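Since the structure comes first, as structure tokens, the remarks are kept for the end.
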Amino acid sequence: MAVPVKPDSDRQCLQYHSKTVMGGCDSGNVEPLLHQIRHALQHLLSSGETTTIDLRGLPMAAGERERLLSFLGRGEVSVRLEALGRSDIVETGFSGVWLITHYDGDGEIMGRFIEITRIPGILETGTADLEDALASLQNKLEQH
Amino acid sequence: MKNDKPLGQLLKEQGVSRRGFLKYCATLASLMALPPSMVPAIAEALENARRPSVIWLSFQECTGCTESLTRSHAPTLEGLLFDHISLDYHHTLQAASGQAAEAAREAAMAENKDKYLLVVDGSIPLDNPGYSTIAGISNLDMLEEVAEHAAAIIAVGTCAAYGGLPHASPNPTGAVSVTDIIKDKPIVNVPGCPPIPVVISGVLAHFLTFGRLPDLDHLGRPLAFYGNNIHDRCYRRPFYDRGLFAHSFDDEGAKKGWCLYNLGCKGPVTYNACATIKWNEGTSFPIEAGHGCLGCSEPDFWDLGGFYNALPESPVDISRLAAYGIVGGAAAGVASGLLNRQKKAQATATHETVNLSDLKREEKS
Amino acid sequence: MNSGELLFWVRGTGLSIAVVIFTFGMLVRLLEIFMLGRRRNLAELRSNGIGAGLRTLIMRSIPPDRNSMRRSMVTVVAGYGFHIGLLVVIFLLAPHIQLFESLFGFGWPAISTPLVDLFAVVALISLIVLLWHRLTHPVVRYLSTPEDYLVWAASFLPLLSGYLAYHHLWLPYEWLLVTHILSVEFMLILFPFTKLAHAFTLFIARWYTGVIAGERGVET
């Protein structure tokens, strides 16, 4: 007997089909997430504030993540960061919606975020780094 | 063992760039289930944090907890964090031994008085302090001495948190947990046999960032990692809900990956992060490998009725007792019945009448 | 005593005590009934009564005629709601079937847990309605004894604690489990001494009523 059950945040997805593949069930989290992104974009336009969404905290069934990523698509910008392992910072097909994936030294995923912003914070060069660069450049030029 | 350089500077000297540091903070926040908006605050706090001195005391333990923590591959959160705390005393990992090691411990305690973190693994025997000693000092004495000026205590592993294996019936050494002995310090329990490595480092990181221990549940465990039980996060839960169980380890159900409830899985009463964070950097966990959860982060999990007995099963032979009850009841019933018949026969013979008090008496019962 | 130890006791010693009292008490009660036997019928039998007995068993287990229904609608509807809900919850929930399997050596298929949850809610609401009825209907209240309220509580607690446990509400899960099992044991112990015994005696009573009527050639 198939009975649809509303998933709640405390339990993993429970939705029955007549043939359920192991672990194959929908959490129903994709659409609310997309709406959250929509609200964040609006907020960015009106107030200039950035929103970050942690994807690790959202339970998603196998296949749902792929659907989400294919919905968002890829845009023009793709940045690879090498710091404590690789990180991919990609602007999706929707401008201002950035997908950030952090990997560790072994290529395992450490974190996945969606940042709705003009430019993700991690890309911006920090003041301390600028000061260090200036000092280092001055040094090297003096040595010449 | 100088601790006056802030963590940010130390990381920079180790070649960790600002972006690497930010990445580290972001993933740490994610792990601790903190909102991403907190990352700048975490970054700032960690950047300015002084390396705390950590004294690690190992009592009646199997060293599995240390193994768990050090089995991670660098550079990961655990490796990074471990490299940047000042581990001033640890039997297995330190180079010194004997008198030199004890001297190092005492020096660290004096230099960082009231500020060092005390990490304990292993239970403490109370029956005879001689059961477990270090450099001739009993576990009990050493714990009390070091705990006195510690800022906080982290009890790593089920042995330190709840007594663990030594505490299992009949508890021959009188093993107890850290919380049974120390009553006046903030203590966080990080149970598991062993705990997931990232949980240990997550707690350490939280302490470094906020200067206090994370929110705890009623058993002293950080809610961020022990807030849900395995059953509620298990990927085999749909099978449980539909009544599809494996009945032996090699039957059809087992091969199809059905629920292991019948094979003794203690998932419903076990709180840990195994089903979500998993082991070996997210590879798998016992249920995914086909074996029921042992409940290793719960107190007295060794005595929970057997690893392969399903939860509802009684540890006692109820069927036999029920049989005794039936036989005994039958005998008593027959006896009582015969007595009643005798009373009835007598009443008939003497033409006893029913009066009001008889009826009222029946009404009461 | 921590929850693990208490859970162990409740499933071991506690359950043993409850089961022994339950089986012993019910056997005594049932045998007392059977051994007193029936009054000898000296009249000529119109039929052997078996058909009437069976028919009465069935007819009195299904909803009554329209008039009776109308007069006691609350009792009939809530009564069925409670009993059907209770039986589904006890006998068709996976962990319960597990327990029976360990006791009897055989089990049977379960139905999906969320569906059983629905039946539990129906049973709980029905019980509350029945209590309200008992408290507000003047005749029923007049007839009620402390035992009635005790038995109501004994029936309500296992359902409530089971529901709370499944949904992880209020107390930590292990404590809810302990409460649930304890409340069931409490109910089991009450069985032989209260009207709860009707679970077994009702079949005897309905059968007997039918047989007497059948022997006299009266329609039941």
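First chain written, first letter: the chains are A, B and C, and each begins at residue 1.
Convention: a contact is a pair of C-beta atoms (placed from the backbone, for glycine too) under 8 Å apart; a residue touches a chain by one contact, two chains touch by 3 or more.
Please read these numbers as outputs of a predicted model, since none were measured by experiment.
When chain centres are set by their Cα atoms, the one at the greatest distance from chain C is A.
Relative to the centroid of all protein Cα atoms, the closest per-chain Cα centroid is that of B. Chain C has its Cα centroid 55 Å from the Cα centroid of chain A. Here the CA centre of chain B is 39 Å from the CA centre of chain C.
Distance between chain A and chain B, defined via averaged C-alpha coordinates, is recorded as 32 Å.
Shared contact sites, meaning residues of chain B that touch two or more other chains, fall at 232, 241-242. Counting partners per residue, chain C has 111-112, 114, 168 as the residues that reach two or more other chains. Shared interface positions of chain A, defined as residues touching 2 or more other chains, are 10, 14, 16. Per the touch definition, chain C reaches chain B in the complex via residues 2-5, 7-8, 11-13, 15-16, 19-32, 34-37, 94-99, 102-105, 109-114, 168, 172-174, 177. If you check the complex, the residues on chain B that touch chain C are 217-218, 229, 232, 240-243, 245, 261-262, 268-269, 298-301, 303-305, 310-316, 318-319, 321-322, 324-326, 328-330, 332-334, 336-338, 340-341, 344. Chain B meets chain A in the complex at residues 16-20, 22-24, 26-27, 29-31, 33, 35-37, 39-40, 73-77, 80, 228, 232-239, 241-242, 256-257, 281-282.
For chain A in complex with chain B, the residues that touch the partner chain are 10-12, 14, 16, 20, 22-23, 25, 52-54, 56-57, 81, 83-85, 87, 102, 104-106, 108-111, 113, 121-122, 126, 128-129.
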